[in-house]
Amino acid sequence: MANLTLVQAINLALTQEMEKDDRVLLLGEDIGANGGVFRVTEGLHDRFGGDRVVDTPLAESGIIGTSIGLAMGGLRPVPEIQFEGFLGPAYDQLCTHAGRMRSRTRGGLTVPMTVRVPVGGGIHAPELHSDSPEAIYSHNPGIKVVMPASPYDAKGLLISAIRDPDPVIFFEPKRIYRAFREEVPEEEYTIPIGKARVAREGTEMTMVSWGASVVQCMNAIEESGRDIELVDLRTINPLDMDTVATSVRKTGRAIIVHEAPSNCGVGAELSARIMEQCFLHLEAPVQRVTGFDTLMPYYKLELEYLPNAERIGKAIVETAAY
Amino acid sequence: MPVDCAFQTTIERISILDEHGVYDEQLGEGLIPDSDVVALYRHMTMCRHFDEIAFKLQRSGRMGTYPQNKGQEAASLGAAYALEDKDWLVTCYRENAGLFWRGVDPEKILLHWMGDERGNHIPVRATPLAIPIGTQMLHATGLAWASKYRGDGGIGCTFFGDGATSEGDFHEAMNFAANLDLPVVFVCQNNSWAISVPTRIQCSAPTIAQRGLAYGMHSVQVDGNDIFAMVKVVREAAERARCDNRPTFIEAVTYRLGDHTTADDASRYRDPEELKLWEARDPMIRLRNWLEQRDLWDENQEQAQRIENEAIVSGIVKRAEEIEPPTTNDIFNWMYAETPKVLETQRKTMRTSSLGQGFDGV
Amino acid sequence: MANLTLVQAINLALTQEMEKDDRVLLLGEDIGANGGVFRVTEGLHDRFGGDRVVDTPLAESGIIGTSIGLAMGGLRPVPEIQFEGFLGPAYDQLCTHAGRMRSRTRGGLTVPMTVRVPVGGGIHAPELHSDSPEAIYSHNPGIKVVMPASPYDAKGLLISAIRDPDPVIFFEPKRIYRAFREEVPEEEYTIPIGKARVAREGTEMTMVSWGASVVQCMNAIEESGRDIELVDLRTINPLDMDTVATSVRKTGRAIIVHEAPSNCGVGAELSARIMEQCFLHLEAPVQRVTGFDTLMPYYKLELEYLPNAERIGKAIVETAAY
Amino acid sequence: MPVDCAFQTTIERISILDEHGVYDEQLGEGLIPDSDVVALYRHMTMCRHFDEIAFKLQRSGRMGTYPQNKGQEAASLGAAYALEDKDWLVTCYRENAGLFWRGVDPEKILLHWMGDERGNHIPVRATPLAIPIGTQMLHATGLAWASKYRGDGGIGCTFFGDGATSEGDFHEAMNFAANLDLPVVFVCQNNSWAISVPTRIQCSAPTIAQRGLAYGMHSVQVDGNDIFAMVKVVREAAERARCDNRPTFIEAVTYRLGDHTTADDASRYRDPEELKLWEARDPMIRLRNWLEQRDLWDENQEQAQRIENEAIVSGIVKRAEEIEPPTTNDIFNWMYAETPKVLETQRKTMRTSSLGQGFDGV
């Protein structure tokens, strides 16, 4: 058991899965000698060699397209896309092929790959280094979407993702890459994909979030002094509605918090499903606290854009008072 | 020297049996045993017949859109003949001849065009027909990489059209293969057209073959209607891949004798004279002449073959048409290895919202 | 006034805008001599010449990327993407550049382009020729998303799109390209982007849809014999919530119908906003009738996937009975 | 002939003032008036100073990530000098020298890296710095196309790194320009590295210049640290674009003397010997020696210039730092020409849901 950052927890999961299964190989930009721009793959090139930790050409569609081939060829590729803003060039390979291969071939060919991608804002990065595209890849069927909110979860979810027989996008909230440490067991363990976690129990209302926003939610809840239940989704596709609906049926009120724009975001889906499944229990409309329906601004204004404890607090007060 | 030569190269064009029936004995020496040439010819006639019947199935409303392969049989067949079963065939949609040679069940291809995913479940090393143009070459590159990594001795061979070489993914696949030393054979079927767009809009360079120079890749142009030349260049490319992990780019010059697909009408944009010119270069006619010159084939055999083809293809059509219809369940069954609850609910209720449904979503 | 199909109405709008404004040029695959695979640009190459109706290389990112340049350079490009399934390779240029240029440059550079794309299922087409990605481009800020449901609307909306100072994706529902004709005025007219249309007035409940599904809704409503109000969105981003909410406040019940998968679809956004804006008026949860959270199947099963009058009818009965 | 030559070519490498100070009088003849060479050198020193100060601003927490331009000044400056104001500069992020020469206000570039979109509002024909690698070349192609269409006489000139040539969009831009006859000059700054990845992973061919052969494009390699050679090849390319609507591909061989950005530490992956080698090839030193040999420059002028540069750059920094902070309104103001109601609501309430708000959303 060690006290690890999220970066270290991921590094540990990668190391252990690579030790265990030589079908696992990593590929991406600057992941080799450089250890990745966030140092997530630090030391792995030395340890496993250039055949298993591969610096690729600077081409995201190429990274994902060849990973699809690697996966269909019986391996377990773990490609890294350097920032979520650079998933765009790989969109077509992800949604046209990775998410469709199993269904299109009626199980003949499958794509067990895990796409690692730093995600989200809050680190004063340049343009296109702070977005949150999880809704995009959730709307496209066939791809699982995972986002841990803590080092412990990161390790267990990543191991599950690598072993999953289907493609997984594993979003790593960069704002909490090193923001705090947590006890992470040395031994391997998995956290099931598709199951949410009740991060904090409560009775007054339900808050649903994922990734770095979970920290903001926790702060806001503590500041509010109220008895609020916090559900950390962990997996964004498929959604664990049982956990969410159980909570909302208990509390009668819900707030969803995420960084991405509101319009057609995951918050909309949660809100719609909560209404569908808990209509008669709802004492207030489900409230969304999200990024605006604008671009994530350059960093001078990024904290204005990101949901913070104050904005969440306002939603708490209003939802409680409704 | 202030003006220096930084790079210099030439690209070869290979032909063995030309459109006038002239055969290069030296290059052709020992390339394909006569009995195999006969088998390849027979296979080609079957594929041509299959193609005609598929066309008719669409015309009579028994099948959806279908892209005729007519005239391009030699390119994929020559390649498939030169490759091994452990090699991956990553094709577009005009490679029936090569896929069937490899052992893909022709009824699967019909099923695909009949709008049935079961047509893509293929038990040999081949990927499903690629509908999104230009995307499959990356899969070939990854599959070849997997073979190299696992040391299973296989390589990847991928087919695509002249139009596909305009897509960014083509570039990325070539570049990955070249720079990461991957055993891939890239075969571009330059058939002069991408639907209605002539090749010069895709590539205004003198050859498409020179696309490979951008990657320092061995590149060659070949008469794609000459099965001997195809076998030779693909065999060499396969060896280069298998032994040296180096990719090759092959421009196979051929021609689409039909419309783009059954949804197309080439008379809107294509000069009929051009078509005539290429009809005379038909790979099948060329091969038959070669065989007849050598007394390996005659009109009687041709007749017998025609009858055999009809029997084979009507059997294929029958099996494709008689398959039990897919069920709505199939929409849900294959999305993930383990079907998530939301899909189970949608499957059971044929609805998306859980309105009126019990809390646990059933 | 002529009785036109949707294809003809679009052709007419293109012709008139090209006559009027020589900054308008068309580019895409097979749009020249061939007149487009759906013949939407038929005759335009002959009429306006190869400089204004340009067959491009087969490369969607190239088509959109150069269109962005053309637009920044003062022209009004109208690129065509041959099918919505091939928007994927252009995703990055659309979302990373087209939708961001005005904001990123604080108005210094703008991208007045209209991307024409056939959309949706129901025509027994091959794989990737039947999808509905409107939610994807609505979630990405900066791009307007329009989808007409009739020839009359198609002409008026397309003219508005071409004249719009911002990028517009103009989705053309291929299922109704030639399914019916409508009187379309010869003279030019515009239909405002961002405004929905009440296609049918009613008091019992509200149905919201767009594109080819509007026809299915109309059939279902007629079959139901009920007094249902049908809102045809016309524009999917930005949403005209005033029209939707006014209707739901009146009826107290709502059903949303679309072809795309449910998860994170536009239906989710509408459902969430209806709850937010009409909570105390809602007598039943908002119901979604959509494609499943699966791939659009190959055509043997496509009619099982698409919302049809029967599935919509079921939703009507249940929503009314709630 | 069965093995024929389908294509043959050579690529030239141009250098005029080499790293040893040898100047080719013939190629250099009349290329740049002496007074302009002095001006270019002075500009280069200012840019180098700007670069150092920008680096320090980041290090002292007054600015975000910044990519040093150090060592690559000649490439973009030579190009900007050879071009006209009506030509579009479509750059990546190591082209400060060219942008400033064109008239882009240096404080804008600082503002950009200070996380402020106002830095991208540029009143000359230049696009904002391109953060997503490899995407801007398509914009240059479209801008050049617009100029050709409108007949305004302008062309497009776009810059990108060796890494960028691996992206599919690079390929598509080159292909569009070549096949549609568009007046674009493509300048690849091959600086040996893409962050930590060496050029051979991006391009294992002997030259990057030969990427242009794939499109039948005139392609040339040039010493990118030689401003004379840069001016010459870009001038020729601009002429080819302006008169014949034909694009050119230029590989400018240069070197990134700094880290990739302030977020990078090149010592993790780069041999210090390599760095030393290239420090000796610094374009600025080379140019100064040339000037001093011809008595066009001396140590006094150098001193004076240094003082002037300090004043200039501290003025730039002051203006960039003293700009009033952006307001939250700005997030909403620029999304669309006309702000939709939902954004007005979000702006007014700083919330996304309309919970508790009046019906009309206010």
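Things worth noting here:
Labels for the chains are A, B, C and D, by order of writing; each one numbers its residues from 1.
Operating definition for what follows: a contact is a pair of C-beta atoms (placed from the backbone, for glycine too) under 8 Å apart; a residue touches a chain by one contact, two chains touch by 3 or more.
Remember, it's a predicted structure, so these values are computed and weren't measured experimentally.
Of all the chains, the one whose CA centre sits at the greatest distance from that of chain A is B.
Chain A and chain C have CA centres that are 30 Å apart. The distance from the centre of chain A to the centre of chain D, each centre being the mean of the chain's C-alpha atoms, comes to 35 Å.
Computed from the mean C-alpha positions, the centre of chain A lies at a distance of 39 Å from the centre of chain B.
Counting partners per residue, chain C has 56-57, 59, 61-62, 85, 88-89, 92, 96, 103-104, 127-128, 141-142, 239, 263, 272-273, 276, 284-285, 287-288, 293-295 as the residues that reach two or more other chains.
Multi-chain contact residues of chain B, defined as those touching 2 or more other chains: 117, 132, 166-169, 172, 175, 179-180, 201-202, 330, 335, 342-343, 353, 355. Taken chain by chain, the contacts link every pair, so each chain touches all the others. Those residues of chain C lying in contact with chain A across their complex are 61, 85, 88-89, 91-92, 95-96, 99-100, 103-104, 127-128, 135-136, 138-142, 237, 239, 260-261, 263-269, 271-273, 275-276, 279, 282, 284-288, 293-295. Those residues of chain A whose C-beta lies close enough to touch chain B in the complex are 25, 51, 54, 56-57, 59, 61-62, 65-75, 77, 89, 92-93, 96-97, 102-110, 141-142, 144, 164-166, 194, 238-239, 241-242, 245, 249, 272-273, 276-277.
Looking at the complex, you find that chain B touches chain C at residues 64-65, 112-117, 131-134, 163-164, 166-169, 194-197, 201-202, 263-264, 268-269, 325-326, 328, 330-332, 335, 342-343, 346, 350-353, 355-356. Interface residues of chain D facing chain C in the complex, by the touch rule stated above, are 88, 117-118, 120-123, 127-128, 132, 135, 138-147, 149-150, 156, 168-169, 172-173, 175-176, 179-180, 330, 334-337, 340-343, 353-355, 357, 359-361. Across the interface of their complex, chain B is touched by residues 2-16, 18, 24, 26-27, 166-172, 175, 178-180, 200-207, 209-217, 221, 229 of chain D.
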